[in-house]
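Structure in structure tokens, see below.
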Amino acid sequence: MAHAAWTLHPDRALPSDPTIRPLAREILDQTRGLPIVSMHGHVDAGLLARDEPFPDPATLLVVPDHYLVRMLVSQGVPHDALGVPRRDGVPVETDPREIWRTFASRWHLFRGTPTRYWMEHVLVEVLGVEEKPSAASADRVYDHLVDRLAQEAYRPRALFERFDIEILATTDAATSTLPDHAALAAEGWGERVVPTFRPDALLHVDRPTWRDDVVLLGEVTGSSIHGYRDLVAALEERRRVFVRAGARATDHGHVAADATPLSDSVAERIVADALRGSVRPEDAEAFAGHMLFEMARMSTEDGLVMQLHPGVLRDHDPGVLAARGPDVGYDIPLPTEYVRALRPVLETFGHHPNLRLVLFTVDEDTFSRELAPLAGVYPAVRLGAPWWFLDTPDGMRRYREAVTDTAGFYNTTGFVDDTRAFCSIPARHDLARRVDAGFLARLVAEHRLDLDEAVETAVDLAYRLPREAYAAPRTGNAFQNELESDRATSTVAKEHV
Amino acid sequence: MAHAAWTLHPDRALPSDPTIRPLAREILDQTRGLPIVSMHGHVDAGLLARDEPFPDPATLLVVPDHYLVRMLVSQGVPHDALGVPRRDGVPVETDPREIWRTFASRWHLFRGTPTRYWMEHVLVEVLGVEEKPSAASADRVYDHLVDRLAQEAYRPRALFERFDIEILATTDAATSTLPDHAALAAEGWGERVVPTFRPDALLHVDRPTWRDDVVLLGEVTGSSIHGYRDLVAALEERRRVFVRAGARATDHGHVAADATPLSDSVAERIVADALRGSVRPEDAEAFAGHMLFEMARMSTEDGLVMQLHPGVLRDHDPGVLAARGPDVGYDIPLPTEYVRALRPVLETFGHHPNLRLVLFTVDEDTFSRELAPLAGVYPAVRLGAPWWFLDTPDGMRRYREAVTDTAGFYNTTGFVDDTRAFCSIPARHDLARRVDAGFLARLVAEHRLDLDEAVETAVDLAYRLPREAYAAPRTGNAFQNELESDRATSTVAKEHV
Amino acid sequence: MAHAAWTLHPDRALPSDPTIRPLAREILDQTRGLPIVSMHGHVDAGLLARDEPFPDPATLLVVPDHYLVRMLVSQGVPHDALGVPRRDGVPVETDPREIWRTFASRWHLFRGTPTRYWMEHVLVEVLGVEEKPSAASADRVYDHLVDRLAQEAYRPRALFERFDIEILATTDAATSTLPDHAALAAEGWGERVVPTFRPDALLHVDRPTWRDDVVLLGEVTGSSIHGYRDLVAALEERRRVFVRAGARATDHGHVAADATPLSDSVAERIVADALRGSVRPEDAEAFAGHMLFEMARMSTEDGLVMQLHPGVLRDHDPGVLAARGPDVGYDIPLPTEYVRALRPVLETFGHHPNLRLVLFTVDEDTFSRELAPLAGVYPAVRLGAPWWFLDTPDGMRRYREAVTDTAGFYNTTGFVDDTRAFCSIPARHDLARRVDAGFLARLVAEHRLDLDEAVETAVDLAYRLPREAYAAPRTGNAFQNELESDRATSTVAKEHV
């Protein structure tokens, strides 16, 4: 490599204003070394259970990254050329080097995107790449990556240690028997990798797979599910299993935020229809809302934190869905309403000491209008981090600008990543800490906050708040300031600040 | 107090950019000393009529401040602990010192919020506090405040003079006989404290209190209200009383902006139903829209400025409403539509020389999409200041960035505070002047505006535009540039610029 | 003129941050001299075909500018005083000097607006004015303008050359026989001035003028239109004529973005109803959506780029429409939905190599929520520039901040002006280049982009992307990176970078 080695600038993603930047640096210095608390990820637990070497660079970094795939597709690269498998078995590109070249030669398409920021971090900081991706460098970088991925130090658990991940939550189907988590627990990793209960497939009675999933639910719970009551009992049982396996939270990806309860008899009737295979769409929608209410009710009993991220139309192109399956980049946000949708669940449980409802959105209009006002009054509600399309330098800044006025910092969960790509977890946290440092530094520069307050808040956002938000179950004494007591007793935090 | 005294930085809330800040300072210097024109407040006129010492610090600064209460509640502090009274008479915390401690020990929750900015101003600038609120300082600060509030110089009228309030508008039920305003007028304060006509309770025929309010309306107008025509006549009569008492404006807090007129016969039928106690919800909603249209029509006749701030779902938690009553922090914004909703009233009166319709919102999406385009063409429309949850450093900046392109500065009312807390009125105006100075300074720094224009505009936003927007009744000569003539003749303005 | 001559600051509209500004200057230096590609304008081709001197200053700069007229109207200036003609023939102001005075004396109303920025550019850079508009300078400036407009160098074609316009697209009714374009082509201007196919009038079967337009369509196509199939065939024929005349694109201004196809039999039935003069509003709406789908289908066949800009309620005040006609400032944006509305057309043609669908909006909420996610995955979709009310310094910055994360730069069209006022075309492009330079410079200052990448991207946004986005028909090889090949072969670009 002829050029000076590629390095990342220490001030990247900090505001350039000469009054703000030194303050931001000073704040960032205090969060840079904190462990990672990753409470909402989509990493496969099996990756850590097996702890095998990662396969080739394309399979690690390109094919499964829907941010990256969608950008290349939008510029005319066919899915086939990216190795995205087809359901009909027609062959697609299988040479990982070729896939890597296709990506590397289009590096310019990612200018200004978070994918670029994350990938730079992964390549330089995690994998030691020393030149930028391009058509010319593609093969050299590919060979470098192959070399690294073969080394012991680049196996999943070694990276987990190097990333200083304190705890990683995965996302798991409600019917999962969690074998990988069991294997990890047996090896002493049970506190570090915990499951998250995701029952979406069972709450949407109009999905084609629903009846199969109900059968599976019956099998794993050793019960027969003949109606609504059986379904609820089986879900409660699965939640207990998840709690025993260390789960802190549930995760709900409904189209709407609606959480309006139905009467038991109506719920019974809808489930009976669905079991017969003839449910009406409006009934299915109402039932999904009812079950969100039920999930909140169960959370007040078992203490699982409830995460809700509505407002996405999945698989916008049915042709692509049929050919490739879900999660290849065709999920598109929708306008989302929270105020009326969540009223039933909040008037019932919004002050319940055992409920913590974490709200996410991809409709940023709702930040200042709906989400901050709700989180700023109901003790059960916390705002999750900017999610998915908004998990970006400018998106995260706009989030803080939009919600802090009304919700403050302490009604947010601090940073929660949403990462499928294991190697990019540190990049996401690094970026969030930079953006929050920049935001806080601006408040200091505008004499709206003292520097010591800004530092303390930055540490809270990076570390203490995510820990506290997902601490389950809650104590029941809502009046006790949990964060304060956490601050006083946390030796980890003390060491780091 | 051991530390150096707590002071506020003179550059607070100004942009930190080293090119912009000196310009912002220079602009702010020209508005800093201007009197306060407070045309949309919620201060109780009785406070000034009685002019008694304020009670204890908690009753003055904590209990009635819904911004502050909602934040503490969201973090698990019960309403009881804040002394918010219960309707069922169950005792709540009554020791103001204890309530103050609860607040002061949670000072960190307000980081980054406008409540923090306002409270700092009130404590330091108005009340001479010299150390920051905290668990440790709570009692010392409390004692200091008790001492100050006992002094003559801290009585309401003395503060009114010290705040340099030129005119203060209160908000008063349409049925109010305005005894406090009469008392003030008798003491020569009639020009300084004026009422605002708020008929919401009478325009929503489905409110449980409506029939009682109609009876009261009959009593205060000496008439019997047997139907729609009587209702309209009584409202017109009440408006005349308010005009005679110095009112400049009406104030309307409907859920929707809809202002579609009904036929007289339909209106008669709905009122008849409502008087019998059996009105349909859709009729009640339509009638509220009809009455907004009627209010506009009346404004063209009596010249009262019409203020409309729709889009809030009041009392989101019915349990809290039942236990504590309204205005304890549970009002949540909704998406709001103005373009179709206001079309009937604007096609009828949008060019009428006697109508001034001031629009507010808590849905900031509407600023660039709907409100600026409407205000930028209809001579009757002005945009009010960012309201409620948006009355913040970042909210006010976003407002100027969103509306100035299409509405300019001169289709806005300039700063209009929305203050219930008397002592925070100067803080609100101070902050608005800072944010506007910063926005104008950026335009100068980007060579989009000359400094002399920026200074003139800042003075207009802080002083001349609010005066002009609420000058009633209008002259009828819309072509005459009222602001220009105001500029030429206003000695107050001359003195200050 | 006593004062120093009025000049525009070279750094205008660049960010003032001292780290960013020098970078922005450096980037701007590389785009400043690029030719103008103006692919979405509303200039009358006859202006260039006739190439006569412009009339007086008011008729050139004030009366037809709806941005300017609406602002003056909003501040109480009657349309009559601005010379906006009445349909009933009642006389309006006809003295252009008087109209100019009315405008010039209200120069302060435009502070902070894009109209101010554009007009300064036109007056100083294009027309050599040396003092700012005001009541005092009005007559002197007017005389100066009269003098300039009489000179050869200020005729339309001379200005076209001076503006360095490489290509200008006009907007033309589908029924236009394009005589001005033919005349221009005969004089060798056929490559430089091209028509755009705008069929709105024929796609909305409920417009009062629809049947007359259908008759006209029959005449110009030499066919008889007795039903839906005839209508489609005639539209296809007209598109062929436009393609032969050099058209690159179609242009669609529907209220909604809906593009849901109907069955042929339903379409036939609706057209039959409409030809009889009795179409139902819901049928007309459905048919407009159907025809958008048809337009996309036709684009896949003839390669015309399809431009869609929905979401405007035209002629909000029917009284003004009746008195003055359309386009006098009363078009108001509406909330707009794209995700479900465009699903049918995108699932059918979203990956078609011959479709390019350019989306515009005046509802900026949709940028990050809907438009960037759609453009960031469907190869057929590109985002147009911020349009109409958003074509401003802050609007264009917000656009880049909102869409770049998810769509990148290369799924946008680069700058596309939307100019009716011929003399302001350079001002629009100048401003866009400045705003993009400022945005890119911030990314460089935050170490999110290298300076050489920023320069290349700026040139792409100003010049290469608009050329590429409107290159018709597309090659059909979507996998080929057209822009890259364009970069390698474009001598124009090489000269300029």
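We call the chains A, B and C, going by the order they appear; numbering starts again at 1 in every chain.
Just so we're on the same page, a contact is a pair of C-beta atoms (placed from the backbone, for glycine too) under 8 Å apart; a residue touches a chain by one contact, two chains touch by 3 or more.
According to UniProt, the chain labels map to these proteins: A, B, C = Uronate isomerase.
Source: prediction; values computed, not measured.
The touch graph of these protein chains is complete, with an edge between every pair of chains. Although chain B and chain C carry the same sequence, what matters here is overlap: shared residue numbers make up under half of all numbers found at their interface. Centroids of chain B and chain C (each the mean of its C-alpha atoms) stand 40 Å apart.
Each of residues 17-18, 365 in chain B touches at least two other chains. Here chain B touches chain A in the complex through residues 8-9, 11-18, 70-71, 73-78, 81, 106, 108-114, 116-117, 313, 316-319, 329-330, 332-335, 362-365, 389-390, 392-395, 398, going by the rule given at the top. The part of chain C that touches chain A in the complex is made up of residues 17-20, 335, 337, 339-340, 343, 346-347, 350-351, 353, 365, 368-370, 372-379, 381, 400-402, 404-411, 442-443, 445-449, 453, 456-457, 478-481.
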